[in-house]
């Protein structure tokens, strides 16, 4: 059982980026100061989250109840291991993205940079809020804030394409929010509480099969849209109209990972493995996740636009995580969680690369990238690392999480899931290797006069690429992601036997 | 429009009847608290008499009976009487319009009620009469500024 | 005797109201409405509500009718129905 | 002394304000506005005192003239009425602050009557809220309605027609109410609400009581513009002057809803309304229809004020839904939504007023991003109001929906839940349509800018109330649990 | 059955009057006619109240020394006083409505709804 103590740190971690929004708005005329705030906030936020790590590893959760927000339900933050795990990923990658963003928006001389940075800061607050939510209502509040705050980023370019992408995004995410409200209301009606409980809030609730299935489907719809589970995924490729750092952080980390984080919360902390198995909910989840993995990989094969291909790849990989939850074994759950971290570092690397290419040579389509590896060797090297990782090739970190997932599938004897994992690995290779091949081996002179992108952009790329490898070799390096994941899995599956 | 009617008979009859209506209206106001009638009916009768004059002798000529500009202020004055009494009783520590608490010494509570109601009825009568005439005037004037 | 009077008044009530709504000249309609109000006042007296009848006679038959007529003089008596 | 006179002080101050405004205003016009503002502010202070008093010490009963109920006229300040009074007056104060510039610009020469009549309107509202007997309630209902008709009629060219229609329909509503009260009176022999409530339970199955209740409910449904009796509302709100619609829209229909609450749950027994009589289900059904109809119609509108008017029809549906569900959570949701919607709709109509004053129209197709550049604060407030209308947490709009959804689950009423949730998506459609225009549609020079009015931010006296309402939504949202547990819970009638 | 109807015949007349008033308000095209309908409608409600208070074998509610203070000898006066107020409200409504009518006439030069709708466009 997690031991709790009161601490302001979770609240501060959420508030710090919200607090700088007015400062960003006020200093809109002085870009250096404005970006200074962003960087300072990202570093401070990461520091705050990092300071929670030792306690989380010691199974102690810093928690704070801010105020009562509905009778009997408080707006409460709790830095339990899962929360710290997700917050670490999000806030850590925000640091890189901040630097990268500055290079990107200045490189392209983007308009409305103040709005961009302000929205970004709000998004991060919401993401950390989601991570630390102690109950479903708090989760929902931050979830909706994230929806709204991301909208200005999606439509940032203000082109017709971006606006229609924004509409699509809103339709999907607002609907999801609304469905989630219904799910919450129902849960409250059944249980009289909305707190996250390791092993399942609804554990022991006696309701008919139909009710439980409906409720689960509502939850799945609610969090599944952000998690990109098919058929609720189609906003994600459309939202690639956004600037690349947005795609990188929000559509590789913050927004979609909030979705899968939500799935983990729902499976592990609302329904719990016992209920999932008893009512056969894991099969539903498994079907959705497996289908999504395969379909998304196939769709990714057909995309020529680099960012859209990455988006489909994201859809597929998100479902790895969902699959990890659906398999209902401690090993696969650990693997799924670990994949949140590994996929985040790999995918952000890939998006950073795509952005760097776009800023430098203004190319978005894969078929136009012949020979880019000569002009931008460092960038494309990092890209290769990310691609290898996503295909599950050691020593990049994608391998370790996939290994755990496959082990989990074996543990419960689910050969279908195992097959899906293997096939999708091949498909991953199938849609990434052509890019690498074109970049390095297809001769072309078109990029001769181009050099590497600005150091502000290349440095984050290299660091995240390097991190992908390091985490692949030592999953417990620095942040002890592996220990955290297995701790979380233990807390969820502690009292569960098949 | 100055006259609704050019006929001398109507003018004369209207002028003749109006004072009697007014007298009756006053009677009704003053006896309202122990017989049929009261401030409202009496006030309405007063108003009716003024309207009769307005209609019979025309707008301009009727101004001497009740000036147009007086409508609203007199109406408010009437209402103020009603309020005044209410506030006085409140000031005396009672409820609004608790007549028995009117600050007059050596007067029994029932007498106080009697006179309290009477004064209030007069106030209401004035207010109603003036307001109804004011509505009429507003309608008449509505032609110019509608 | 009492109820016969009441019945007659009630019938007149309906009749005047009906005419007032049917007649094609607005002035006639308004005058008929005045008659209606007067019948109502009589009915009130018959029913024992002396002061209400009194008020209705002054206000309904008197003031209201005058107001209607003034309004008609400032607009129009014509109507399509 | 003040404590026990609190109930009667509010209408007195307002009525006195109305009288003195018109009297002194006709002498010196400049006096009218300060006087009017001062009386509303004073009334608000009294109302807040009254709210505190009732929360700590329970209801205050006031017997006019010292005649005890059920014979005398009674004013009751219980938590529900004190709460309503505070909401009404709080919004009114802000609208009055805002009105100074708008009224002077839109109603040249008629400012004095405007303020006098507006105060009369508030007198009527405060009287309705505190009336302790059914007939006085009717009188105040009519006072406020008359003032409302007058306030609407001074607007744009078609406004008298809209006001006249409203008058006809409103009179039908009020007369129906009175007729219903007549039936109740015949059966119970009393008009005092507390007294009637004691007598009624034994008579609930008598046909005249049922007929009376139906008449009352239909009458009030007209007054609160419950679908499908809302026909008067869109025209009235659209053509009225900005300040009138900002005053009437957030408060007027809510007062009808309040009376409905008072009749159904405090005069009749909640159990009887829910189980014996079919009333609650009918209101529920109509509300659901209203939510969908209002939302869909709002999407189809081309003019901002008209859109807001239809959205009001939908929002009234939420309140009706809370009443119709007839359980404590529904009650909480309905009362909370009265508060939240008063803030949201008041603010939105203030925004519409700002737009009309600065750019001369509020036609949606004429909006573009020059508005945002010219009026950043107004537009930011508008965005916040929109988010609250859609129901994005932590704005206040989310929480009333939350309680209503919980209430729906309590009764296992799936249709209600689906409708509430679907309507927030419809709200999103019509608000984001405007937000998209204001923030993203680039202005073309020479096109769409038919007016030569200077495009700039409104002055402080107009901006401040708008911003206060917008920020208020966040505060109300965050503090909603406090409001619910400290105030609204006290109102829930026994037996609900 | 017939007896039932006969014993309540006043109410049936009042009901007919109410319907007549509503008919005038809703069906008539002319605004003045609508207003007349409204007047009839309002009056019918007032008659309803007064009729509900009236009873045989009782006299007007003014103290008569011959009867004394036994309340059963008098008609209930409360509905009467209420209706006085209702009449005031009624006349105020009509006054306002007429002012609106004149304002409409001055803006559109018609009081007939079909024409009005045409000219409002």
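Going in written order, the chains are labelled A, B, C, D and E, and every chain counts its residues from 1.
By our rule, contacts are C-beta pairs under 8 Å (C-beta built on N, C-alpha and C of every residue); 3 or more make two chains touch, one makes a residue touch a chain.
Since the structure is predicted, the reported quantities are computational estimates derived from the model, not experimental observations.
*Asks:* Can you list every chain in contact with both chain A and chain B?
*Replies:* D
*Asks:* Which chain has its C-alpha centroid at the greatest distance from the C-alpha centroid of chain C?
*Replies:* Result for max centroid distance from chain C is chain A.
*Asks:* Please identify which chain has its centre, taken as the mean of its CA atoms, farthest from the centre of chain B.
*Replies:* Computed centres place A farthest from chain B.
*Asks:* Which chain pair racks up the highest number of C-beta contacts?
*Replies:* C-E
*Asks:* With centres defined from CA atoms, tell me which chain sits nearest the overall protein centre.
*Replies:* D
*Asks:* Could you tell me the distance, in whole angstrom, between the mean C-alpha positions of chain A and chain C?
*Replies:* The separation of the two C-alpha centroids amounts to 78 Å.
*Asks:* Can you check how far apart chain A and chain E are, centre to centre, with Cα atoms defining each centre and the answer in Å?
*Replies:* 70
*Asks:* Can you check how far apart chain C and chain D are, centre to centre, with Cα atoms defining each centre and the answer in Å?
*Replies:* The computed centroid separation for chain C versus chain D comes out at 37 Å.
*Asks:* Could you state the distance in Å from the CA-based centre of chain D to that of chain E?
*Replies:* 29
*Asks:* Which chain E residues reach two or more other chains?
*Replies:* Only 60, 62, 79, 84, 88, 91-92, 95, 98-99, 101-103, 105, 107 qualify.
*Asks:* Would you please name all pairs of chains that touch?
*Replies:* Going through each pair of chains, those in contact are A-D, B-C, B-D, B-E, C-E, D-E.
*Asks:* Going by the contact rule set out above, which residues of chain C touch chain E in the complex?
*Replies:* 2, 6-7, 10-11, 13-14, 17-18, 20-21, 26, 29-30, 33, 36-37, 40, 43-44, 47-52, 55-56, 59-60, 63-64, 67-68, 70-72, 74-76, 79-81
*Asks:* So in the complex, which bits of chain B are touching chain D?
*Replies:* Touch residues, chain B against chain D: 72-73, 76, 79-80, 83, 86-87, 90, 93-101.
*Asks:* What residues on chain B touch chain E, complex-wise?
*Replies:* 34-36, 38, 40-41, 128, 132, 135, 138-139, 142-143, 146
*Asks:* Show which residues of chain E lie in contact with chain C when the two form their complex.
*Replies:* Going through chain E, the ones touching chain C are 9-10, 13, 16-17, 20-21, 23-24, 28-30, 32-33, 36-37, 39-40, 43, 46-47, 50-51, 53-54, 56, 58-62, 75, 79-80, 83-84, 87-88, 90-91, 94-95, 98-99, 101-102, 105, 110-112, 114.
*Asks:* Could you list, by residue number, the parts of chain A that touch chain D in their complex?
*Replies:* Against chain D, chain A makes touches at 67-71, 73, 75, 140-141, 144-145, 147-148, 155, 158, 163, 166-167, 170-171, 174-175, 177-179, 181-182, 185-186, 188-189.
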